[in-house]
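Please go over the structures that come below.
Heads up, the next two complexes both have chain A, just with different partners, chain B and then chain C.
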Partner chain A sequence: MKVIFYVNAFFSLVFALGVLFGKNPLRSALSLLLFFISISLYFFFAGSDYLGFVQIIVYAGGIIVLIAFVIIILGLRRESPDFDISLRSFVGIILLALFALGVLYGMGKSILHFVPQSPYFDTSVAGIGDAIFSRYLLPFEVASILLLVGVVLAFIFAKKEV
Partner chain B sequence: MLGFGDYLLVSVILFFVGAIGVIFRRNLIYILMSLEIMLNSINITLIGLARYSRDTNPQVLILFILVVAAVEVAVGLGIAINLMRVKGTVDVDLFKSLKG
Partner chain C sequence: MNTLVKSNLASFSYFVPELLVIIGILALIILELVFKKETKRKFATLFTLATLIIGFIAVIGVGMPKNHQFLFNRMLVYDGVAYYFRILFFLSTFFIVLLSYISVEISEKEYTETMILMLSLLVMMDLLASSFNMLMLYLSLEGVSLLSYILTANKRGDVRAAEAGLKYTIYGGVASGVMLFGFSLLYGLTGSLDLTAIMKNLSGQYGALIFVAAILIIVGFGYKIAAVPFHQWSPDVYEGAPTPVTAFLSIGPKAAGFAILARFFYNVFSNGTAPLKFFPWLLIFWLLSVATMLVGNYAAINQNNLKRLLAYSSIAHAGYMLMGMTFVGHLGLRAIFFYLFAYFIMNLGAFAVVSFMVNKTGSEEIGDYLGLGRTEPLVAVAFTIFLLSLTGIPPTVGFIGKFYLLIGVIFKGGFLYYLLAFIAVFFTVISLFYYARVLKRMYLDPVEELKEVGFGMYEKAYVSVLAIPVIILGIYWQPLMHLIQKALESSVF
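Presenting the complex of A and B:
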């Protein structure tokens, strides 16, 4: 189990780096698609089948199509490498590395031994739906309003005259 | 035996990779794709928490993160199309309209 998990982790890291260092935008989008599918495997590992399938449908089926269509519409071709090699970038990378180490150290010390054993554990569709429509009803409605605002904003931004 | 630490390690590494992309790339499309990598790495932490603290709540949070990611990419790509139409480029270093 652990071997399969880390093989999957290796592949997701390779696909993420493929998105990062790609020169052809469409090829980077395809690498992002494989990255999303490898992310869904973590959900299957954790026993949450529903979230794994939602991940594949929404990310691999929806967002990738959106990104690929925009790349095709904009006509982005293979470009010269556009990395921002400057002092501020390297300072940012060093700060980020310190942040990552701090997260690993702090969370590794505190959360690894903290097992709350919530009474609400359920990975089925019925369990998640029950949680959404009872305890999380207000955030669910706010999320629907957010989606509506997103649709209107995307329409306004992509219109001809702004 | 697989533990929460494994999920956390993979998640932090992928978050770091996505953040490097946001900092280093100048193409707006690449920045949006790196943001997607960062959001997905957060989902790995949450699903590890759900698995090892035996809790349903992180799974609901994953669904909300998914909604936010979808809205973010839709609005971001709309902005990218508009910038391409108005300025003729998606290089973020060339946009100075809001510079004080």
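Presenting the complex of A and C:
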């Protein structure tokens, strides 16, 4: 089990890098798809099958198709320009590397331990439904309003005239 | 019935003000279709004001609880501080609506939308200031942010507003992503989203990682309160947004940001009396505070655009308020909360004058305030009071606010604290320079020909209503301080 976990972790890293460094946008989207699927495996490992399936259906099934459509419609087939390393981005990269080192140091000092399963949840579909409509009722409602607000924001940015 | 469901139902009695505002929002969405075009602005304003007044009565009716109450299964907490911030948010929204009513920057087309958005922002700020769970906290913080973006960008035909909105959105997206990473680290370490449970489960074993998580979370909160180095968005956004919206952003979301900053750090990274040992409060907030004061005051010196100047001054004021976070204790908290109220009155007043000037002359430049002292004596005097209060000169409420902040730091004692107090006083003196530039322009600079600005009764009444409390609270501030003390006693801090 542990071996599969680490192999999967390695592959999700590879796919994530593939998204960043892919020359062809469509290939990047494909890497993203594989990345999402490997992420869904983590949910299965953690014992929440439902979330794993939702991850595959929503992200791999829905979002990626949307992204692919956008790429096809806009016809972004040209290669993306190479990274432009100016002094500014150089400083940024160094700071980011320092920060990553800090996080790794912190992780290394703490013993890698797996999160105990969240005490609240029964991860079956019925259990999640129960949680949404009892314990997490307010966040659930606020999240739905948040999505609506997000749509309005997207609409304002997408208007034809400024 | 399930106890969880029971708790949800029982919570509604403390949630009445928000519910009333939500009903108002829904009604306004429908009424917008009914209103006639010519009278739309008047009716929408009246309806919004009525909603706010009824909501405010409900706030007072629910009142200050004797003990803190957890609502919706510990998603929210209703305590004295939540009550205090509700009052602050309702009052600020009320005055902002009055300011928007006569603003030429908000056209008829988007006026009702703006009212709806402001009321929604009010609800989200209430939720944010009383969140007690990381999930709720994140959702309400994001709600406040998204609504602020919309308010900023929703100005048809204005490239500056669109640019400011987009900048704000991108910056906010990055900041909340970073903050979310911090949350996920905390959740991974403790297996809980509840603030108290997180505090109990944090063990010194993961000290370094907890430190990293705290820094990441500060990015998110620091962005909300515009603390340096997460402040770059604020001058552009403040300049690009319609002035009433700018005023709202500088008092509402900022106060909510401070409320949640204090709530989160007091409940997670301290046990109420002393900080947890793996998170050095003094160091982090000291640096943040000094950097914020330095950049805010330094950048304000050279500004000729008054909105930009006030944006930088609002950064500087966040720096002063962060002084209250350098140590754990009610002395710091009450100073911050008092200052937020003081800042609400004086900053709103200053922005109101700027907004009125934009209405009449279409200009935000300091140069165009030439001779205002002679053409509009009342408004000029009020503006002087606001600016002096922002500087912190007695007998204004700004002085009392700064006094409490400094007292807190000095009572704490120790070299770094004395140094911090000295730096704050030093920057206060510097700030006098750029505020006084405006005063000089209004009163002292030679005028060749006087241009009438022509403020009406509405503007004069508005600035008077704000200027009088600045003076009164500067002389007789004990009732407000008493309210804050009582609020803190019944709170989970």
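As a working rule, the second predicted complex is superposed on the first by the 127 of 162 C-alpha atoms of A that agree within 3 Å, B and C clash if a C-alpha of one lies under 4 Å from a C-alpha of the other, contacts with A are read in each partner's own complex, and residues count from 1 in each chain.
Here is the rule we go by: contacts are C-beta pairs under 8 Å (C-beta built on N, C-alpha and C of every residue); 3 or more make two chains touch, one makes a residue touch a chain.
On a predicted model such as this, the values are computed, not experimentally measured, just so you know.
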Touched partner set for A:137, first chain B, second chain C, both or neither: second
Partner chain(s) touched by A:145 [first = chain B, second = chain C, both, neither]: second
Partner chain in contact with A:92 - chain B first, chain C second, else both or neither: first
Chain B versus chain C as contact partner of A:103, first or second or both or neither: both
Partner chain(s) touched by A:9 [first = chain B, second = chain C, both, neither]: first
Dominant contact partner of chain A by residue count, chain C or chain B: B
Which of chain B and chain C A:29 touches, first, second, both or neither: first
Shared chain A surface residues [contacts with chain B and with chain C]: 103, 107, 111, 115-116, 118, 136, 139, 143, 146, 149-150, 153, 156-157, 162
Contact set on chain B toward chain A in their complex: 1-10, 12-21, 23-27, 29-30, 32-34, 36-37, 40, 43-44, 47-57, 59-60, 62-64, 66-75, 77-82, 84-86, 90-91, 93
Footprint of chain C on chain A - complex, ascending: 102-103, 105-107, 109-111, 115-116, 118-119, 134-139, 142-143, 145-146, 149-150, 152-153, 156-157, 161-162
Complex interface listing, chain A residues touching chain B: 1-2, 5-6, 9, 12-13, 16-17, 19-20, 22, 25, 28-29, 32, 35-36, 39, 42-43, 45-48, 51, 54-55, 58-59, 62-63, 66-67, 70-71, 73-74, 76, 79, 82-85, 89, 92-93, 96-97, 100, 103-104, 107-108, 111-112, 114-118, 120-123, 127-128, 131-132, 136, 139, 143, 146-147, 149-151, 153-158, 160, 162
Residue numbers on chain C that touch chain A, as the complex places them: 2, 4-5, 8, 71-73, 75-76, 120, 127, 133, 135-136, 139-140, 142-143, 146-147, 149-150, 153-154, 156-159, 162, 165-166, 169, 187-189, 191-192, 205-209, 211-212
